[in-house]
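Next come two complexes, and both contain chain A; in the first it sits with chain B, in the second with chain C.
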Partner chain A sequence: MTRYVRASELVKKPVVTFDGEDVAQVKDILFEAADGSVRGFTLAGRGLFSGPLKQTLAAGRVHGLGPDAVVIRDGTALSGDDQPAVGVPGGGDVMGATALTVKGTELGKVVDVIIEGSRQPVVAGYEVESSGPPRRRVLLPVLRPVGVSGDMVVVPDAVVDFAAGDLAGFAEAARGLRHRLEEE
Partner chain B sequence: MEWWGWLIVAVVVLAVLIASALVTQARRRRGGVIAGGGQRPGEGERGGRR
Partner chain C sequence: MLFSQANGRRVVGLTEAEVLGSLAALSVASAPARVTALKLKGRGPRDVLAWRQVESFGPDAVTVRAGGEGGDDVQDDEFESRRDPMGKPVITEDGHCLGKIVDVEFDGTTGRVQRLMATDEEIAGERLLGVGGYAVVVRGG
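Coming up: the complex of A and B.
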């Protein structure tokens, strides 16, 4: 069964080793705009005054991505300072970006990102808050070409017909959209 | 100024410094969801997910 989680639920989650050592916490989630695959995480220290860490965690090194923690085998799963970071160049933070359809209809602001948890996690959709009153939050699945930058997320027009109100209905919405796109 | 006056000033300054440090750290630690690849709307054949 596919499990969907909000990106905001992963941010600040502790990164724990098999030995139970709490080595870091998740800061940013990095994903590849071209295919939606989650590449990894930037990290922050666990102490009250500790800031961002230079080490990063590649998605492939994650053993478990649970609701309460990100589990890794041991501290060597984190990239060292001498290794290339998992950061992907370009793009920007999609939180707060404007969601737009390809026909130019503004859907609202991206307030969260839906991640499909699997062996290779991927971005499966966006939670969007409409700007005009009444403010309403909907979850939009994305399966087809979508442009992503720090300012704008462009989605196909069809996703509007498959908006879900919550995560429970998101899987069904994603299935419906997939069906529609396959028929086109 | 009485000694307790200086004490109050010192405590207030210390509190402001600690609060400022905590706010700065919270901002530095605030997370996000970073899109990479620099793909712009209309580019590429796939997106969002595989």
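Coming up: the complex of A and C.
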């Protein structure tokens, strides 16, 4: 079972407590502006006509996360109205940013973020669309980006050797990259 | 005992010596995973029973000590339809769906839930974290 999920796939997924209640659904994923890590989630109500919630969910309060749900222990994992929100969307939002290697090769535009989520969600890589032609989408494992801004994600040169075509292959690619980095 | 086999079985009140209805649904709680209440379908005045009122899950009837007159020991609130696992999606603690609950295996004497049968997998009762209005949540991936 894959531990990886695209950030875009998490939108509208239910936030489920151990008690089996869907207390909210994911509205948006918040990224840390400084390093691009997952900060948390903004939420919406579950009803057909319910709008956004004031409550947010910090990444540290997530018990587990997968392609079908975000699981939390109970409703107290959500921040109340009195607590500061985990952030505003867009801070470290890398969608549309240019992926560039340290050596200066442009890999394409970031179209999605790959999140590893069996436990607390962490960014495991990026889906990048090459400018082509032909336009091609690849998944790049990025254990730690060199630098992140709304315009650009700078990645180590080694990630180019571990591009994957889909999420199933991504797990293998991430393992390969980790192995390579340990050797260096 | 599989719920699919017990479903629809006559429920007989021992003191009244009468059919109270037929078994229609279970209410399940976790830690430990167990049946807490039964819902009946039928013409009787009571349509829910606490598990502790069950005398026996017999081959032809479920017998219960429902108490004819007083009925004080009948706590209707113990059956909650949101705690009925049947047909609900099974979500693992790491956010994967294992399909929907198609059957529940429980011990007819103690009420312990032994297995949850989902469309994609059979799940041991010990893995149950909770049954709610939206889903059945289980431990492990």
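Following the convention adopted for this analysis, the second predicted complex is superposed on the first by the 152 of 184 C-alpha atoms of A that agree within 3 Å, B and C clash if a C-alpha of one lies under 4 Å from a C-alpha of the other, contacts with A are read in each partner's own complex, and residues count from 1 in each chain.
Here, a contact is a pair of C-beta atoms (placed from the backbone, for glycine too) under 8 Å apart; a residue touches a chain by one contact, two chains touch by 3 or more.
In this text, all values refer to a predicted model and were calculated from it rather than measured experimentally.
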Contacts of A:T105 with chain B and chain C, given as first, second, both or neither: neither
Chain A: partner with more touched residues, chain B or chain C: B
Touched partner set for A:H63, first chain B, second chain C, both or neither: second
Chain B versus chain C as contact partner of A:V71, first or second or both or neither: second
Touched partner set for A:G117, first chain B, second chain C, both or neither: second
Touched partner set for A:T17, first chain B, second chain C, both or neither: second
Contact residues of chain A, present in both the chain B and the chain C interface: none
Footprint of chain A on chain C - complex, ascending: 82, 88-89, 91-97, 129-137, 141
Residue ranges of chain A touching chain C (in the complex, touch as defined): 1, 3, 5, 13-14, 16-22, 63-71, 117-119
Residues on chain B engaged by chain A in the complex (per definition of touch): 21-22, 25, 28-50
Residue ranges of chain A touching chain B (in the complex, touch as defined): 7, 11-12, 25-37, 39, 42, 44, 48-52, 87-95, 100, 113, 116, 122-125, 142-150, 152, 154-155
